[in-house]
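All remarks here apply to the structure that follows.
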Amino acid sequence: MTEKTLKFDIAIVGGGPASIAAACMASENGKTVAILETSPWLGGQLWRSEFPRAKTRQPIKWFSRLSEASAKAFLSTTIIDAPEEKTLLAETSDGNLRIVYDKLIIATGAREIFLPFPGWTLPNIYGAGAMQALAKADWPVDGKRIAIAGSGPILFAVAANLRKKGAKIVLTAEQTDLMSFLRFGMKLPLLAPSKILQAVEYNSQLIGVPYKTSCWPVEAHGTEQLESVTFTNGKKKWKVDCDYLACAFGLTGNLELPRLLGCEIDSDAVVVNDYQQTSLQDIYCAGEPTGIGGIDSALTEGRIAGLAAAGNVKQAKSLFATRDRYTKFEKAMAKGFALRDELKNLATPETIVCRCEDVTAGQLSEFNDFKSAKLQTRCGMGSCQGRICGSAVKTMFGWEDKSVRPPVYPAKMKNLE
Amino acid sequence: MSDKVQIKINGKEISVSPQTVVATAIAREGISHFRRSVTGKPRTPLCGMGVCFECRVTINGQPNTRSCQVLCEEGMEIVTDD
Amino acid sequence: MSEKYDVIIVGAGIVGASCAAECAANGLKVLVLEKGPIGGGTTATGMGHIVVLDDSEAQLALSSYSQKLWNELAPSLSEQAEYVQCGTIWVAADDEEMAEVQRKHKLYTEHGLESKILDNKALLKEEPHLAETLAGGLLVKQDSVVYPPAASYCLIKESQKNGAIVNIPAEVKEILPEGAVVLTDGTKFLASAIVNACGWEAPVFSDNAPITKRKGHLAITERLEGFLSHQIIELGYLKSAHSATGDSAAFNIQPRKTGQMLVGSSRQNDSETSEIEHRMLSKMIKRAWEYMPSLRDVQVTRTWTGFRPATPDKLPLIGPDGDSGKIWIAAGHEGLGITCSLATGKLVCDMIMDRPSEIDPKPFSPSRYAKGKTQNVR
């Protein structure tokens, strides 16, 4: 028997921008709302360090609106199971909690895609968004030489933010080629004019920072920790000395909960209708799990989901056009920054692919299917349950494992009952 | 009255601001690795958001706790895997 | 037309793999057919406990013979198979169960099997995390644990070294009494002997296999070196395993080389889906921390389910299926599949080669369930 069972009209899983927008809408439309967030703060990844006190315009506006709303936020609360209909089981810092809901909104955000390359497991190699989030949480970056690698406009944001915190950016390596990059840039006035201002802002902040397109890391070097990284442009290779490497190749939605619940998923995105409703009638999904699209998409989808779940169809409908505009931007992004083939083949047989179980590419290549590989090497069976190696094995071998079992995150035995 | 929080990392007493993430406190101590992998290799956080499990340390006797998802609290004892 | 094999093994779970290894080692021309990964069915879901059980003389004979074979095989297993002779402790909660401990000890001694009675103090010395109120237990040092999918893989590799052909994926449509196996894509293979080692799916290819699915739940914990040294089973496990009806949970925990622990066990007779049933999981873990209170704060990484292939008399089917003289069945091991796989392989090979076995195979003969005999089959 659980210690506590709480009932809400609308339960929202995740505490990032999409959740906050949904919570505000639903509350303002008279529903009782619970936000269930795994970390001890609200704001997700993009609004890190905006909680408990918001500092920038957009989060200030939304957190203020949230504080007026009657929504209840549960922090350090991790959903581990959905044991019965319309019920979530969560692990909290002092036990467990059952949340019974009428409607559920899933806004679990995204995680970064890591593609293994030799040396990528060395200490002081982080994701790109990870580096930014850590820096916002006061990670020591002042005076550190940082190389940034990956794909997309996020690299600018990361570089600018790190520079603000006193880091020395030794290189920003964008894997996409210059033509694709420029083509994307030319679409901005039509798709997302606000982004141009942002781009200009970043541009000014990044004067003097070496930025290269068609550039990616091929090996990280160091004995006990990172010391340098070899980059390539496809023609030549060169070594860059650095203290940290911030490197990731895009984002993928956190789909464990929708999978567990049985929501329809296609091409790594939860399938939703115009009202952000999933294939399960009482479950909605907003933000990155429905398709990677950044903060504006997330906020809009969150608002629609909150309104729709609360029954305010009219107002939800009024936001469709805005959302569609952001979807176009989303698609242009995906096209402009598609991953090049070379990134799929960076690993050597000795390169670790599954970090939890230290399984190498060589060990995996012995098998023809993921189930065999997983059973025999234990790849994907560790603590992260394939969250990190999943994208890697998909990219490298075309393998996918869609099985999700409780607990969604490791949880103490006493909290599983 | 100081609003700092007193914690211990690997036995060493240190003072941090409230709302400091445990992982940050560890990094600021110059600790070069958080845990050892199953084949004994040193590891530091990778994802910064609680999905990679590379930042696991022992907090108040509880092993395998993700340090990037916990805030420092008064009297907290943190041990990294050596 | 396809060439003829001496033996076709249908199913590359632990039992099929063992049959393949044994037959190939004896110079027979072997073909293995499997639709999924090697060791990917029930074999992948179980605990991999190599344990002697004494529900009946036959079970005791089969499991102890097989355990001996495992101990002999151990040095040649791969590192991935994680074979450890960690021993088993049967735990008694009260005096009534201590009497059972005494009985077991006597029986083992009579059969030349070593075991040691532990009182409360000795029990807690062996396993400090056990509940202090437990009466005692029986330590069986020669029991082991193994990681079954990797062990199956080793056995298959061994059979290949001796010339076995392994055809994966190959989905079998039917086994014909004249000595042929037909795949779903129409391919036909001929053999003098065909072994149905399909576990709970054996009835698909046989009318003489009263095997039903008995669902079990399992959980695996985080890595905790030094928490547990032996496989621990409560004596109530036997009641749970023996009962033909109802849902039950019985405490069973295993240390892995990785430092993780496997926690079980549960049995259900009427559940067909592989979904986790929260109330069964709950029942199982609550039972676990009754015996080991500190498990409450141990993190569980994942849970899953599996189907044991169960027969009405709790003994596997090992022997001829029907009268053709060409079809054999090796399935229905319930919770002793891993343990008894090696002995099963020996018995099957002995029968195919028409030579005597080290133990009496009669109790396992499928003829005990042949049509015409009155048996309550579900």
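A, B and C label the chains in the order they appear, each numbered from 1.
In the analysis below, contacts are C-beta pairs under 8 Å (C-beta built on N, C-alpha and C of every residue); 3 or more make two chains touch, one makes a residue touch a chain.
Just so it is clear, the structure is predicted and the values come from calculations on it, not from any experiment.
By C-beta contact pairs, the most connected chain pair is A-B.
Chain centroids computed from C-alpha atoms place A closest to the centre of all protein C-alpha atoms shown. Centres computed as Cα averages put chain B at a distance of 43 Å from chain C.
Separating the CA-averaged centres of chain A and chain B is a span of 22 Å.
Touching of two or more other chains is recorded for residues 222, 297, 299 of chain C. Along chain B, residues 38, 64 each make contact with two or more other chains. Within chain A, the positions touching two or more other chains are listed as 382-383, 410.
Of all the residues in chain B, the ones that touch chain C in their complex are 38, 62-64. Across the complex, chain A meets chain B through its residues 38-40, 45, 52, 76, 111-112, 114, 121, 123-127, 129-131, 133-134, 137-140, 224-225, 254, 355-358, 382-384, 387-388, 410.
Note for the complex: chain C touches chain A at residues 36-40, 44, 80, 149-150, 153, 219, 221-222, 263, 276, 278, 281-282, 285-286, 288-289, 295-304. Put simply, chain A touches chain C in their complex at residues 81, 83-84, 369, 371-372, 375-377, 381-383, 385, 405-407, 410-414, 416-417. Touching chain A in their complex are the following residues of chain B: 19-21, 23-24, 27-28, 32-33, 37-39, 41-54, 56, 64, 68-71.
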